[in-house]
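Next come two complexes, and both contain subunit A; in the first it sits with subunit B, in the second with subunit C.
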Partner chain A sequence: MSNSPQAAEAPIAEEETPSSLDESAVERISEGAPSWLSERRRHAWSVFEDTPFPSTRSEEWRYTDVSRVVNLADLRLVTDGGLAENGSRPAGLVAAMEEDLAASGHAVLVDGSVVHVDLDPALEEQGVILTSLRSAVHEHGDLLEELLATEVVPPEDGKLQALNAALWTDGVLLYVPRNVKLDLPVRVTRWVSHAGSAVFARTLIVAEPESQLSYVEELLSDDFDQRTFVSSAVEVIARDGAQIQFVSIQQLGRDVFCQSAQRTLAHRDAKLDTLNVSLGASVTRLDLNSRLLGPGAHSELLGLYFGDEDQHFDHNTSQDHVAPDTGSDLLYKGALDDRAQSAFRGMIRVHRDAQRTDAYQTNRNLLLSDECRANSLPNLEIQADDVRCSHGATVGQLDSEALFYLLSRGLSQDQAERLIVLGFLGDVLARLPLGGVVEKVTRAIERKLEHV
Partner chain B sequence: MSDTSILTITDLRAKVADEDLEILTGVNLEIRPGEVHTIMGPNGSGKSTLAKVLAGHPEYEVTSGDVVFKGQPLLDLEPNERALAGMFLAFQYPTEIPGVSIANFLRTALQARLEDGEEVDLFDFQDELLDRMKLLDMDPSFAERPVNDGFSGGEKKRNEILQMAVLRPSLALMDETDSGLDIDALQIVANGVNTLREENPEMAILLITHYQRMLNYIQPDAVHVMVGGRIVLSGGPEVAIALEEQGYADWKEQEGDEEGKKEEGKEEKEQEEALTA
Partner chain C sequence: MPENQLVEGLGLDEYQYGFVDEEAHVYRTKPGLDEGVVREISEHKEEPEWMLEFRLKALKIYESKPMPTWGGDLSHLEATLDEIYFYVKPQEQMERSWDDVPDTIKNTFERLGIPEAEQKLLSGVGAQYESEMVYHSLKEEWSSKGVIFDSIEDGLKNHPDLFREHFATIIPAADNKFAALNSAVWSGGSFLYIPKGVQLDTPLQAYFRVNQERMGQFERTLIILDEGAQAHYIEGCTAPVYSTDSFHSGVIEVVLKKDSRFRYTTIQNWSNNMYNLVTQRAVVNENATMEWLDGNLGSKLTMKYPSCYLVGEGAHGDIMSIAYASDGQHQDTGGKVVHVAPNTTSSITSKSISKGTGRSSYRGLCKVYEGAHNARSNVECDALLINSTSRTDTYPYIEIEGKRATIGHEATVSKIGDTQLFYLMSRGLTKEEAMALIVRGFIEPIAKQLPLEYAVELNRLIELEMEGSVG
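What follows is the complex of A and B.
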């Protein structure tokens, strides 16, 4: 294990409750839970058991062979957050938290359990809720019963979604009441400390009509030497006229399989944008479905990835236009070096009634080595006739003329590559200019480029 | 070789790196500090190739000959080392660098000139950049635009000279900086170049051009005519004037070995006539 020494000394619930991922785990997690929740978990487990493992023969999993990426039998389920609230924290976690001072509130999760939450008291007064799902089960039971793991990311979505719905240990609830606007982002840091563990967390974000929020989460860990599974289910609801910006920056260590299932629901005139930055982990799988449910709804789907060594990214997105007069615009850009691989599969679905849809999708890849590979599969399914849709994908090498141009001005090869890569990826960040995100991601990319 | 020479090229031959195609067929040239040398010649005669070979473009391979730059063998240096040694190439066709602002690019280029541990002072840099943009009559907003991305032909050329003004080379290779500039822009650029020469009288320039008009603003010390990958005639400013009147036809015929080159020479002449008409 490559935890920092502090983490090892901390009062960790080490070996206290680790267990295998089976039905008994579902029962144990359900202890003391309200019956709706135990039933929901049991149902999810039965869906999990009835659903076959994703196969590379299926279109959606063509490029990622989950059965080879992770063996569930080898993993230990961690149900108790490793570090107590005032236990000493790993250096990487502390560094990330220190940068995030300007915020409406913070949440810190260790190994899938919330260990710290704070929220601006003025917002609390206005009815904003930022809390752990574990406490929300008791304090906001009705809300969770209505929304958690049912209509947004239900177990029926797939094998791994079902597993998460059965075994989630904790997560974050952010609820913003009608007309309340958060000026600063809510910042969430998620740290994983156990090699060989399986961590299941969920996020539920609800923005009531005309409210406004931004949410920035970071997933972090040290490098591991044993396959570790970090699973997330993210459910985001923007009611009429609400505005949400959701940002996830994934910088997990090596040997992690990071799997995230996200769905966003944008109701009438809502604006719901997401940015997924994938820099870490050995294997990353993102399923993102953006649903435009009410007229006037609009979503931007932004993504950025930069892989080196043997990193593997698999992004599976869909833009579902259910209501008329909706818009969506997807831009996923990635740079790959060494033997890194990426797959992008993007679907635009325009339902029969979704007239006057504007839907765009672009995936661009920059290859920095001869051995890296990028696959791009754009798709359209259009059932309405009055729509404007386009999709495009490119895979290109580093432009040797651009490189020479920069060298001819005295830049070193490294400086030149850094500028070209940052320039290539930068316009994704420019489209969602949230406080600190651009700088944070730019620095993370620079650090990665230095190792190249 | 004279001690005071800044650039000495001796019998330089170069070919396209991955083809058996020789382009420079024995170039000889000597430039002293502070001098302006002009190379003229028909399209396809190898002028840009000479400039790119000097800058170290990997597309070309030097097969024989020598280049000494400020007393050092140039050809062993990497392209960025040549730049750090004081060479600058204003490209005939500047490359677009999407997403990289001119300011960021130039700051990095200056940073590359500092010792490890030293940092470009951001305020000094801003002042310097604004000052240089003013010299070239450029709007300050230009600094935040991505390098050459969506620039007009004229803006690209001006951007080359802006970089030259910030990086202060001791030898500037200017490859057809004048083409694509209207007369007003040409004057601004030429004034900028002349200001740089006043600031640093040692700065030498190798000016590649088709037209005499640039030479009205930047007086050359020597004019060379390149045909078929080598210099076939050298002289004073009068050579440029004679060329403008007569074209390259005479030289083409003397060269007269390859059909293709003759054709190009003719096209060239037609182009020029069309332009002067």
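What follows is the complex of A and C.
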């Protein structure tokens, strides 16, 4: 954050007594909150209670038995960003924060609470808002009342979405006014420090007409020896003609269950692209829904995953073409080693009025071991006739010809295999070449490949 | 002229097999299903005790399984099943000579062109009317070589050991709700055995006709190909159009031993008041090849996914599927390939056309188990949409264990392109000719696999539907 020295760093709060995930937690979090928010939390809790736990009998959870992944009764809710008692920052977080990358602003979250925010003052002057949700509740109450956990990711979306809407402790609000363009990304670092904790955070991004922004978040932690639950709800709105690039790089430690519910709304002529990189955690579940709501809207959905040991990835995406003349293009690529498993379930829905839709969906899997597993369900539901839609899925092994070529050039088997995997996955990064992201992800993949 | 109006009437929905015969049955059970009905069916067939027990056990399984919530709309099915006749016996015994078949039934099949086809093109014919096979024949040439082509009931009576060795081993009663139902009340269907090395050069055909209103037909077919055997079996189905719904639920089990080759062709043209829920599965052994050619044109709702279990090294499975969904129809069809053994290969090709408010869904599974080294599978689904009210869905499941498999799936959805139409019309074709040509071209890769007379029939139907579509 060295390039923005003017922003004061919030002190890291002392750890509160962690508590269990129940109704009293909802009440406690609601203390001092405006009534619309406490009501919204209570409503979300009642939806949570009325919604059965997802079962593998349901299509959307066919490959992940969440009841075996996480037992909510074993988790402790962290409601205030707590670090080690002496307040010193873990090496992993410090390393991420000190990476000197050009940015429009920064936010740092520890255990779901924002501990630092800075924003380029020139942007602040133009009305850009980058702040913690906790302070936004008071400073930008109207905006949050309208948009937070309402139309974008409401509790009705599912059991875990409801739990997040009831228990979220903090998160990031990024608001960019009409015609304002952010040349550099907003960079967000999210650190989780407690084994056995449950962390609920939300992100709300609003780009007003003709504005432009990019947002890059990193989820980090050390490895744990106890199941830890990191829950996110991400709400992204691109108004008419706005352009948004949203990137999430997940490198959480082992024994984390990382669950993220994301929805993006693209209005007329908006361009809204997402990239989700899943490298860490023991179990990762992503629900991403891209809605194309206005003519001319376009979304790219990019994803990359690389699993080893017993890692489990479950990516559940959907592209909803609601308005005519919209486009979407999805590319999710993954490599799996050891006993890693992945499930990709993608849905293209072309609604009745969405004539002249162009929608594509590709999922490619590279299998590197005999024990790994890949499941791929690329689905289409088309209710308009004037459309161009296609999808493809492949599951395959290392290309033997490419391998042979590299070996003949003097590379070792290991080197050659790494190069092929890197090339296979790097393909996705090339589609969204944001400053720093390609290098960061490439380095992370390389680190992982060293253990192969 | 607006596209929608122009293409009104495109399709195969002018149903020409909807005629009704007088009700001609010698016995039927009361409407609905209970243990008494199952016992009656078994008694009428003079079955051994084990079969009655099998049926009763299956009935319990059927009752315990919930109605599927995926696929098509089955919300009215339960009420329908309370009212249909589960067993209708059309005549006292099955005939081997066409002359002995009762006139009303004979007339029906003659109108459908069955006897004519038999003489010209087929190795053998079976015809089912309501619940029973009314006619079965096999050319002397093949029976003398040990081929058995009989009604399923006669298979049980005359070849009890062979029957029991394979019956319900490929599709056990508990496989799914409708397989359980079929297991409880099955009646009619074919029993086919091709001995070692015997290769039939013309197809066998079975024809299924439902005549009575509110009828449930539960054909059960068991097919065994011994080592190196080859055959092609064709089934066709039609029924009259009634305002009430009818129900057809078949179970077809196929065993392919080493080096054998078998093709099973279905031309399903039920009237569109018919629920058609069928389980078809083949177990394919070493170096054997199974081909399902599945044409679904009729019915109100079809849920059918022919499957190949590739259990022997080098086994190959091929599934080719054409679905045509017109107003009010839902074709939920596809295929399953399960790779268990090494060096197995498979392909699924699906072509669907949705017209009016019709909906076609491709649903398929490609599963590769860890031991199936070098398994290769390719799935291709293409959908053509004719109207803005038409719907198409694609639901493939790809489940792969281990790195030594190569799997691909592709699907495309398109409508009849304006440029294609323009090009053809600029060459002097009328719009209706051009559209017929495009539709024919779309299904051609599969249609060309059909026996000639069926391919001709399919093309004729498409052309017929284009007539008068341009006002």
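Rule of thumb we're sticking to: the second predicted complex is superposed on the first by the 430 of 452 C-alpha atoms of A that agree within 3 Å, B and C clash if a C-alpha of one lies under 4 Å from a C-alpha of the other, contacts with A are read in each partner's own complex, and residues count from 1 in each chain.
Throughout what follows, a contact is a pair of C-beta atoms (placed from the backbone, for glycine too) under 8 Å apart; a residue touches a chain by one contact, two chains touch by 3 or more.
These figures come from a predicted structure and were not determined experimentally.
Colleague: For A:Thr394, select first, second, both or neither according to whether it touches subunit B, subunit C, the two together, or no partner.
Modeller: A:Thr394 sits against subunit C, while subunit B stays out of touch.
Colleague: If you tally the residues of subunit A touched by each partner, is the higher count for subunit B or for subunit C?
Modeller: If we count touched residues of subunit A for both partners, the winner is C.
Colleague: Given the touch rule stated above, what does A:Leu331 touch, subunit B (first), subunit C (second), both, or neither?
Modeller: Neither subunit B nor subunit C is touched by A:Leu331.
Colleague: Check whether A:Leu411 is in contact with subunit B, with subunit C, with both or with neither, and answer first, second, both or neither.
Modeller: Once the two structures are laid over each other on A, A:Leu411 reaches subunit B alone.
Colleague: So, does A:Glu371 touch the first partner subunit B, the second partner subunit C, both, or neither?
Modeller: Second partner only, subunit C.
Colleague: A:Leu380 in the overlay: touching subunit B, subunit C, both, or neither? Say first, second, both or neither.
Modeller: After superposing on A, A:Leu380 lies in contact with subunit C but is clear of subunit B.
Colleague: Per the contact definition in the header, classify A:Val247: touching subunit B only (first), subunit C only (second), both, or neither.
Modeller: neither
Colleague: Check whether A:Ile420 is in contact with subunit B, with subunit C, with both or with neither, and answer first, second, both or neither.
Modeller: A:Ile420 contacts subunit B only, not subunit C.
Colleague: Could you please specify the touching residues of subunit A with respect to subunit B in the complex?
Modeller: 399-402, 404-413, 415-416, 419-420, 422-427
Colleague: Could you please specify the touching residues of subunit C with respect to subunit A in the complex?
Modeller: Per the touch definition, subunit C meets subunit A at residues 70, 368, 370, 383, 385-415.
Colleague: List the residues on subunit A that touch subunit C in their complex, please.
Modeller: Residues 59, 352, 355, 365, 367-398 of subunit A touch subunit C in their complex.
Colleague: Going by the contact rule at the top, pick out the subunit B residues touching subunit A in the complex.
Modeller: Residue list for subunit B touching subunit A: 55-58, 78-80, 82-84, 88-89, 91, 94-100, 104-105, 108-109, 111-113, 146, 163, 167.
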